[in-house]
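What follows is subunit A paired twice: with subunit B in the first complex and subunit C in the second.
Let's look at the complex of A and B:
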């Protein structure tokens, strides 16, 4: 098994990188979301190779299962036509040049970033970073969360509370809604 | 000395109880919003008692992830004071908040709670979560005035930039964890102080520094600050400029002194350069401003430069100077914002020109603003002067003479724009009608207290000086 591991690792890494490259390069949102799903699944396979089984399952359930489906729903509800025409209308001549530059940068920057990461990783290989025998089962994670890392775990609940507050606050009805401010109005 | 869990967590527990009480009062009684604010102010005031009680205690709770020491308690005093005064400022702003004022108070209280935990954290994950906790509530507060285009713009900008910087911060933590094998400060420090660090560790450290640089609006990451400060509701701007900045500096101090250690990695020179650039950007940018809140946004960037100067020294004395400066800046800036919120309500405009002849309309208001501006500018015998004096001295002792000279030159630049506000208030006639501004009892009392503490702490620095000394010693 051990000598097969690198093969799996490189195969899934390649799939993940290709998937994210398609997300960046692609113009059609639906294809983007589908490519992202592929990336997520490949990532979860990588987690399995790292023996982080719990994270792998969560990756499939939450990212691939819930969040990306949510993306698809948003695109469906907005309508593909609306997304694409608004994109086409924006492109006058000058803007097209600008967008083209950005598109090239979008490809080049990640490549530069990843090259740097690979160089760093190769350099770090000799520094002898310890390998640890951790197994990411549900039991191990539960144990860590409720004993050693109880404080951060509880603090996250505070963040969720703020999220709820935010939704209530930003959508709650007010007695009178009138547009204040604007370019000439007073800013409070 | 170790104390039990509940005694160490007394301030946090008290604040949680207060939040639940305010929430309950808001949901189940028909208490008027203004009374709810007064109730929260009273509650926060009583919480000072728990902090005084906790001050002599030292100890750990929750597996050593929650630490109580002099530095944590010192910072909690600043956070609590900032929260309290922000509520006083909110009281003057209530009519803009409509029936949602209670949400506003609760979000500020929650933000203070996050800051309390931040001051006591002892691992990178809790540090990240508590910073996110504070910033998340601030995103909502910034966009609170949903019908004001500026507020929404500020909220969106802050959210996008903040989310990006948080991602960078978290990415950095993942590198540190990957190389050091732990997220606890002591464990990482052992790796950092060893002779050979992996390049990935350094890369992670750099990413963490960039993430924190955004929170404190230091030089290459400061572009969001002016728009957000101008667009946010005034109490939120006050809270952002004091509590959020203190939170950023808490994280920076923890990362540099507790995680990396003052002597490892030679970070001092990097911070010194960032400090100099931040000073120049903030103070030169402030010269051209016509909007009061925007002016304060730039000036607060400038103050971040001075705060970084004390940290750049990398010594106990420098850290003490930074802590003293933080307290002095908090008092002076909150005084200024209390005046700004009252003046903006009466003048109907946030432009500096609208402050013309404020001295005739309300001598007390203008006088308090005068003292606050001089303290921010660093004029003796006010408390702001002594803060600047300490950080400059720390820089000179470290050997950064160029930085100290740059800081001294920037005092003059900052005086120019602070004094031009004073000129508008005192030496120009009022533009519109010169009717008197009537102040309520609460703002009168608060302004009186703040002015007294600015003058008092400027003349008798010893209490705050030794307080900051004890706090700085905990990390050395």
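Let's look at the complex of A and C:
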């Protein structure tokens, strides 16, 4: 698939750049999250082109599956009207532009997904016999993680644990804090 | 495709993300732009791993993804708290410390 690589590279680079441009340019965070999903899928396809298969899978699972869903949950929690700050006035004028953006997204998402499926099947056929002999399979990545990069790997788990503590502390409401004798609560 | 192609793509993505962080006035979109910048860095890491024939770049991009996950979780928690306290997501209005 060497002769196909430039086509896929330019296509997915274009999709990634367009997706991130939509994230920055449009006014509605929900559309931004959806456009960022397109960017993540295109980047994952670029990782496949670089034969980093495990990183590509993790990219789809963690970013498209977890992080962006978290963004959508928070936008839902705060409410649509709340997250659209200080642009309410000009909204009616640019309504057509938003609809156009959504129309572009509707085309971009399936294209990114299906082309990625095609590229994955093509890549699976001749994995390891391309120009690059470095292949990021699960086995190779796991071996590197648990031998050369064992200490950073453990430190990352510590950072994730500290993140969990931080979120639990941050999202406690003040009443709960004061019930436990927090800074503003009854201490006796 | 050579290393330069991937690095140029990564640079364009990073520039777009930096523009979003600096230019937009919505905390949610600023966090999304930070994600774009982290992904641009990831693309550079994987491209260099492929170019230098070393798995280290791919392993470090996994670490970056893990850090990005915890960063987003904490950032969104702070955004929710700020919205509860101040009723806005505009960082220009978040001047409680008068910085």
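Here is the rule we go by: the second predicted complex is superposed on the first by the 114 of 188 C-alpha atoms of A that agree within 3 Å, B and C clash if a C-alpha of one lies under 4 Å from a C-alpha of the other, contacts with A are read in each partner's own complex, and residues count from 1 in each chain.
Everything that follows uses one rule, which is that contacts are C-beta pairs under 8 Å (C-beta built on N, C-alpha and C of every residue); 3 or more make two chains touch, one makes a residue touch a chain.
Since we're looking at a predicted model, the values are computed, not measured.
Peer 1: Touch test for A:49: subunit B only (first), subunit C only (second), both, or neither?
Peer 2: second
Peer 1: Which partner does A:172 contact after superposing on A: first (subunit B), second (subunit C), both, neither?
Peer 2: Only subunit B; A:172 stays clear of subunit C.
Peer 1: Quick one: name whichever of subunit B and subunit C touches more residues of subunit A.
Peer 2: Comparing subunit B with subunit C, the partner touching more subunit A residues is C.
Peer 1: Touch test for A:3: subunit B only (first), subunit C only (second), both, or neither?
Peer 2: In the superposition, A:3 contacts neither subunit B nor subunit C.
Peer 1: Using the superposition on chain A described above, determine whether A:75 touches subunit B (first), subunit C (second), both, or neither.
Peer 2: second
Peer 1: Check the residue A:148 against both partner chains and state whether it touches subunit B (first), subunit C (second), both, or neither.
Peer 2: It touches subunit B and subunit C both.
Peer 1: Figure out whether A:156 sits in contact with subunit B (first) or subunit C (second), or with both, or with neither.
Peer 2: both
Peer 1: Quick one: is A:62 in contact with subunit B, with subunit C, with both, or with neither? Answer first, second, both or neither.
Peer 2: second
Peer 1: Shared contact residues on subunit A, subunit B side and subunit C side combined as an intersection?
Peer 2: 132, 148-149, 152, 156, 159, 162-163, 166, 170.
Peer 1: Residue numbers of subunit A touching subunit C in their complex, please.
Peer 2: Counting only subunit A, the residues touching subunit C are 5-6, 9, 13, 16-17, 20-21, 23-24, 29, 32-33, 36, 39-40, 43, 46-47, 49-52, 54-55, 58-59, 62-63, 66-67, 70-71, 74-75, 77-78, 82-86, 132-134, 136, 140-141, 144-145, 148-149, 152-153, 156, 159-160, 162-163, 166-167, 170-171.
Peer 1: Any idea which subunit C residues touch subunit A in the complex?
Peer 2: Touching subunit A: residues 1, 5-6, 9, 12-13, 16-17, 19-20, 23-26, 28-29, 31-33, 35-36, 39, 42-43, 46-47, 49-50, 53-56, 58-59, 61-63, 65-74, 76-81, 83, 88-90 of subunit C.
Peer 1: Under the touch definition given earlier, write down the residues of subunit A that touch subunit B in their complex.
Peer 2: Interface residues on the subunit A side: 120-121, 123-124, 127, 129-130, 132, 147-152, 155-156, 158-159, 161-163, 165-166, 168-170, 172, 174-182, 186-188.
Peer 1: Quick one: in the complex, what on subunit B touches subunit A?
Peer 2: Against subunit A, the touching part of subunit B is residues 62-63, 65-66, 93, 96, 98-100, 103-104, 106-107, 110, 113-114, 117, 121, 123, 125-126, 129-130, 132-133, 136-137, 139-140, 143-151, 178-179, 181, 196-200, 203, 230-231, 233-234, 291, 293, 344-345, 348-350.
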